[in-house]
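Sending over a structure as structure tokens; questions will come in a sec.
Each chain gets a letter, A, B, C, D, E and F, in the order it is written, and its residues are counted from 1.
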Amino acid sequence: MPLFDLPLEQLRDYRPERDEPADFDDFWSRTLAEAREFPLDATFTPYDAPYTNVEVYDVSFAGWGGHRINGWLLTPSGAEGPLPCVMHYIGYGGGRGFPHDHLIWPAAGHAVFVMETRGHGGAQTQSPGVTGDPHGSASSQAPGMMTRGILDPDDYYYRRVFTDAVRAVEAAAAHPAVDAGRVIASGASQGGGIAQATAVLHPGVRAALIDVPFLTHFRRAVEITDRDPYQELVRFLATRRDTTDQVFTTLSYFDGVNFAARGQVPALYSVALMDFVCPPSTVFAAHNHWQGPKEITIWPWNGHEGGSGYQREEQLRFLHKLLGDG
Amino acid sequence: MPLFDLPLEQLRDYRPERDEPADFDDFWSRTLAEAREFPLDATFTPYDAPYTNVEVYDVSFAGWGGHRINGWLLTPSGAEGPLPCVMHYIGYGGGRGFPHDHLIWPAAGHAVFVMETRGHGGAQTQSPGVTGDPHGSASSQAPGMMTRGILDPDDYYYRRVFTDAVRAVEAAAAHPAVDAGRVIASGASQGGGIAQATAVLHPGVRAALIDVPFLTHFRRAVEITDRDPYQELVRFLATRRDTTDQVFTTLSYFDGVNFAARGQVPALYSVALMDFVCPPSTVFAAHNHWQGPKEITIWPWNGHEGGSGYQREEQLRFLHKLLGDG
Amino acid sequence: MPLFDLPLEQLRDYRPERDEPADFDDFWSRTLAEAREFPLDATFTPYDAPYTNVEVYDVSFAGWGGHRINGWLLTPSGAEGPLPCVMHYIGYGGGRGFPHDHLIWPAAGHAVFVMETRGHGGAQTQSPGVTGDPHGSASSQAPGMMTRGILDPDDYYYRRVFTDAVRAVEAAAAHPAVDAGRVIASGASQGGGIAQATAVLHPGVRAALIDVPFLTHFRRAVEITDRDPYQELVRFLATRRDTTDQVFTTLSYFDGVNFAARGQVPALYSVALMDFVCPPSTVFAAHNHWQGPKEITIWPWNGHEGGSGYQREEQLRFLHKLLGDG
Amino acid sequence: MPLFDLPLEQLRDYRPERDEPADFDDFWSRTLAEAREFPLDATFTPYDAPYTNVEVYDVSFAGWGGHRINGWLLTPSGAEGPLPCVMHYIGYGGGRGFPHDHLIWPAAGHAVFVMETRGHGGAQTQSPGVTGDPHGSASSQAPGMMTRGILDPDDYYYRRVFTDAVRAVEAAAAHPAVDAGRVIASGASQGGGIAQATAVLHPGVRAALIDVPFLTHFRRAVEITDRDPYQELVRFLATRRDTTDQVFTTLSYFDGVNFAARGQVPALYSVALMDFVCPPSTVFAAHNHWQGPKEITIWPWNGHEGGSGYQREEQLRFLHKLLGDG
Amino acid sequence: MPLFDLPLEQLRDYRPERDEPADFDDFWSRTLAEAREFPLDATFTPYDAPYTNVEVYDVSFAGWGGHRINGWLLTPSGAEGPLPCVMHYIGYGGGRGFPHDHLIWPAAGHAVFVMETRGHGGAQTQSPGVTGDPHGSASSQAPGMMTRGILDPDDYYYRRVFTDAVRAVEAAAAHPAVDAGRVIASGASQGGGIAQATAVLHPGVRAALIDVPFLTHFRRAVEITDRDPYQELVRFLATRRDTTDQVFTTLSYFDGVNFAARGQVPALYSVALMDFVCPPSTVFAAHNHWQGPKEITIWPWNGHEGGSGYQREEQLRFLHKLLGDG
Amino acid sequence: MPLFDLPLEQLRDYRPERDEPADFDDFWSRTLAEAREFPLDATFTPYDAPYTNVEVYDVSFAGWGGHRINGWLLTPSGAEGPLPCVMHYIGYGGGRGFPHDHLIWPAAGHAVFVMETRGHGGAQTQSPGVTGDPHGSASSQAPGMMTRGILDPDDYYYRRVFTDAVRAVEAAAAHPAVDAGRVIASGASQGGGIAQATAVLHPGVRAALIDVPFLTHFRRAVEITDRDPYQELVRFLATRRDTTDQVFTTLSYFDGVNFAARGQVPALYSVALMDFVCPPSTVFAAHNHWQGPKEITIWPWNGHEGGSGYQREEQLRFLHKLLGDG
């Protein structure tokens, strides 16, 4: 891959105007309040596998609309006292996969709570998922999740997902092994976008680990990349041509730059300069708007895989320093 | 494209065993009965465009679950008496498009009723559609519609679609310009699969025009083609590996060969021998099981585009002969 | 597709220098005069299909060199008095297809005259055509039509095609159902390029509908797009490297910007901002040079499909307003 | 590439029924007689390049219809007496290229006469050509040469090409450096097909070198390969669906298996078992029908590049043995 | 992906003739004896990362030729007594990655020893590796490792790799946390091929976990798949055409079916029926020749990803049962 | 291909800063001195093929490390006195091919010495090669040659290749038919990069013919092209992320711009403006730094094939003029 976005020196200062609806905060307050009318009802079922140094729970809780959302909770065996807990949100298309996909956090002494993204998980052969999206949408859509319900913020798919993510924090905090004061939001790509929003929407989140975030600076993204999933939006706009204004209005309630502008907790971002899926300018746009303490790791030669395992180790060190202990 | 399926002489006799659930008919009786509990409430709003020899209506009616389904009704201007009406079901991904996409039938003196396939219509730039699928699904899915709700026949996407299609026949028949005794089910690919089912599920359908039908002989299709949309099923099976039996059980309620084995009215099929999307053996499997009078047009050098305009003219002639007049 | 050409604000003012041969007008006067030495000999054979509200004729007339050119003429049944007639020129590779592909115009009360592009029509499975190009060329060529005879304006393929198009206007006008004073030139892509030229070359054309025109601003096109058919030129230049000057000299007689600079009648253009086949700057170059009254519809999210059905309805409204009635 | 055609043991015996028109020989006698009514008028212009051990001539002669056909003649400098001459016919799309592309034959003491294939040579950047095909065709076509004039044997493109090839033998024989009794027809792919035909059509050809021949066993080729140029035929058949019988009738006059069945002179064939362009069964079909002495070199791991340089050395040895000396 | 190899019922019995050199066992005895002349010199350096429930060592030992080979050793923290140890060999192209990529085994109470494949690890962005292959090769090669030194078994790349793998078993056994009597060879694709060989070459290996093994049944593989890395062999054979016999002679010393025929310990295979990279018949060929107790897990809908996480859990259960405890 | 690099007017002046290690000259002096400690031992074995006007020798000599390097020497038969000799270095992936691939130079009265690039020649079906690279590398690598030993200039693959190239000049000069004072370095792509370096490293080289040179201006190349082989570097950097500085340090000893800045002899460059493999700015960077007399041929419409046969004739004329006679 070649470089294709702004030069790095411009990226470092790229802080575009934001397009934010007046009722952004009200929208989310109302949304979360409605969701909390359903009892959380988090259940933690021990998972049957021959593990000896980690406890694994098959988790379920009530997300948006009271729908059951699935996940995993892993804790290191024999830990004393409540633990920091990493909320792990998943990239586009994947399910929660297997417990053994998430062992890095308990290996470092943390709990990890993996939340499924409703509806995803049926087509990535190595990341199966089981959670459905029992809510349909009132308008036609492009295949995928990006345009499901996009003509109305109340109907938009990610309203349900971001709400699930906030409720997941609450479900994690409900488990005795978790220290509710040390919950970390994390994820890459779609998971990064969700983590970014959750770190704003739930006041109890202590920090955010945001890798190559998707769902961020939509307007620029659809103009400079031809890759999915942003292209789902372009295909919809190219088809339902009369809906452009409504589409961007809806997206403004979900745009990562608007969440970033409200970010207060420490955040560790990462970005890849040859990332055609989540172009670097869209990532820097959010990072540069983030209000709290922040760092960004730059991967100059990588595409959307971003920092991968290297970044995982960065995050272990970041948390180690932040939390004083592992 | 090369030839890749069975030789033509074997295709002509290919009539595989069918895998049919014992309660197939009950399932559909129950489904349609439930749908009919919602008032049909068909509305026909004149469409504003400067046409002079065709009447165009923007149609809406209550489909499965009472959800609003959209479509077009076109009738030739100045026709006397109720007309034969061609039900036109749409291929995978497309919406109803524009009224001018459907002028062939009124040009031949017929009405045409175009039904949108719920949820589709957001990504084919030349066939926009507006109808949503307000019902979600209880399980994860592969992108697209093929695996939406696939773990339970009651939850499966095509249960809603086939029901919409039957209700559409009733909506058409409710219009004074339409002769309810001369309704024809038609479509290509997904539309062919829907037409095939509708001609069985609604006793008032007079004949069926079934081009390169999709949703037919699933088991063979997923083993010999690597093309979408059948591959959506393979991706799901490759991911949710524990669900194979349930997936095929669900599909058996929707398999075109099971509908074909109940077909009584005259049917004009078409098949293309180089069709990698809906392989010829899956089409012959249905045709060879069809019980009523039947013909099949074979396009030896074509892929999934099938007979296209040539077949359209075949159909005009077929209807002209069947109906005595246009 | 991403945006890739000039920003919209620059496109609106993009009016490049033109490269025009001194004998441009003489060349075309001479060419048309020579063609008119052959009797037009337009024939209109009723087409056998069960249509009831449209009359269909299989048309043939003498084009350049007296070669027989084929087409369709469709008129709404029972129309009173001569009608406006839309000349429909076809995109690259297609033939005239079927009469039912062209019903929109008679549905709106117009006649439509569909002209085949000589030699095309043998490889687009849904748009078959029958007209040959009985004239060969004196030089080697790249596959396709773009470089057939390109080393000499007199030998160039599009000299024959543009002449056919002018003669087609005369053939249309020769039919009693057509009002020669209300002939409209129309087409998309190659068809748009032909319509643009014809609206200049034949003084009787009343207006032009020019969608994403091809054959326009060649020099820029070959430098910024890697898509066919413009790439046929690049392949030729990359092979016959000694011919660059002659190639561009030849093309200057056929370049849409040179025709646009002579355009006097009302023109409705359309352009797509993500069109990699006919890049937006090449379309604006022509539009901005057009001398007559003009409008341009901009499709910001579309590729070369352009406005498709949406644009068709724009055109109906444009003509309705222009002609007073349908 | 994998193996995809018949197993080798079956290929060795594959000798399919031929489909031959009754007037095959008359057709060609008449065709050649007509061509010979034009004076051959072969011209040999010394080519200006600083070569010291080879003489190079830019050649032109009257081919079919008297059209000028271009080529090269190279002879080793200082040769005594008339030399054997290798006729080199060119693969699909290429022109004659440069004299230095053909030095192998004079290096071995032979003359070489390179004939351009009319119309080709405008899109292979490394094999430019200059010869046009001044004869057009009466029917529409798919891009490329395979379907130019395909609805009538008299109008078919390869009628002109094969005739040019026979006339080229006569042009070569007309040069004093060439021994008319030791002319060899050679070529690969299209060039192999032309060589195969020429070795039959011109009685003076002494032997044939036929590599991975194209234009041979059309019926099987279009059913088992999806590669161009055979696919040009499929695209045409898929579009002009009413022409299948006429297409195959025309092709029967040009099919390499029909020429092979008349082959009398020694022939050295080559075939590649992973050749998806000219599948091995089509090559063996011709080889197995060839009547004269024959050998075939089998390249088990190669695609359409076939034996390339290895085969060139095989041919040098074959000729060395056949001709006694170089 | 479609099914493309033999039907499952034939695969179950597919047990092809083997092509085995007479000195197969001598070759390997000599090779290993030579390698053991270099001191093993295994070093285990604690790895600096904030893990709390796993011990991580950066490992180095002397492989073939005494070259330093790198890897990881992970053991669960606080384990009592020597542990079973899973040898993990890596797929084509990958390096050892990060310690956190291999946590599944310590989570289940086992040690894991990850061996790098020399020379690999420089191009899979998520699996970096550091080990070089300090030995070059005496002949030209295709890019990749498959043909490095292929003209001589002594010079062949995999001679060095298989030897490294045997020495790795000895390095693992040298660590006090490892129970030398409970070492398990494992891997997928290339790693599966290495595990298969190692379980034969080192008598101390207790069992083998062999997923979609590569390097197995070369002759069939190169004839039915067009995917890398087997295609590296085809490209070489297509280029160095005179070497076919020597290539297959060399490969016979490394062919998995020849190792399988010597397999004595319990083996758990897995195979995917839509695997175009390591076709199912090549896997069954080895499994069906394996002499010891054996099972095979069949993934009917998967490609080369095979069983992935599902298979990992199968393996945990298999080991749990085999070893009595985790 | 479109234009994608700087506009031509900027290219003409593009003369970027160079990144040159302080010991560049020492590094190469030391390297060559070490190599010369091995006896050159050039052997010239007559090649058995029926050529009559050219002498062909199968050549072998001791390159870097004393490893045997293979090649061809061709001289025109019967030449009097020692001849100018064109050193021909080969493009990435190719071997020496066949003697008949190199006949152009003896045809023009020159000798030609073709040197194989060690290790290449196993995967280009039409350019087989036999020379191995018996030296391995100490670090992991991406497939291909670009990153073999890249973490240390002493270990880097091209150190061996450039040294071979200098020794090849000496081997050529050792043959009695060659005039050591008239040796010309030439090549395209990788061969161009080698020729560029050799013309600097060996003082006896009289001139250089450098076509679309590779291995030149690495830093810019990896940022603007996504094509191999430069992408091998990007894949390595994206994987071994900690090595960026060392990689570029190593490359600085091999960068064509650093050689160009030392170029004293006449050089004929060529560049193609649509060359995505060796982008034009990287070629102009070297050309504009070249110190000696220089020309550059610009191919505006070509990709990496560059000038091909046209450029070959340019070179014949250039040498003819330079050398006074052929």
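Throughout what follows, a contact is a pair of C-beta atoms (placed from the backbone, for glycine too) under 8 Å apart; a residue touches a chain by one contact, two chains touch by 3 or more.
What you see is a predicted model, and the numbers here were worked out from it, not measured in a lab.
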Between subunit A and subunit E, the fewest touch steps amount to 1
Self-contact between copies subunit D and subunit E, residue sets same or different by half
different
What is the distance, in whole Å, between the centres of subunit B and subunit C, each centre taken as the mean of its C-alpha atoms?
37
Compute the distance, rounded to whole Å, between the mean C-alpha positions of subunit C and subunit D.
39
Geometric centre distance via CA averages, subunit F-subunit B, whole Å:
63
Subunit F, residues touching no fewer than two other chains
125, 128, 238, 241, 302-303, 305, 310
Taking all chains into account, which pairs touch?
A-B, A-C, A-E, A-F, B-C, B-D, B-E, C-D, C-F, D-E, D-F, E-F
Per the touch rule above, subunit D residues touching subunit C in the complex are 93, 95, 116, 119-125, 127-145, 147, 149, 232, 235-236, 238-241
For the complex, which residues does subunit B have touching subunit E?
222-226, 234, 237-238, 241, 244
Subunit A-touching residues of subunit E, taken from the complex the two chains share
49-54, 76-77, 97-98, 100-101, 103-104, 106-109, 125-126, 128, 302-303, 305, 308-310, 312-313, 316-317, 320, 326
Considering the complex alone, what residue numbers of subunit F touch subunit C?
1-3, 274, 299-303, 305, 310
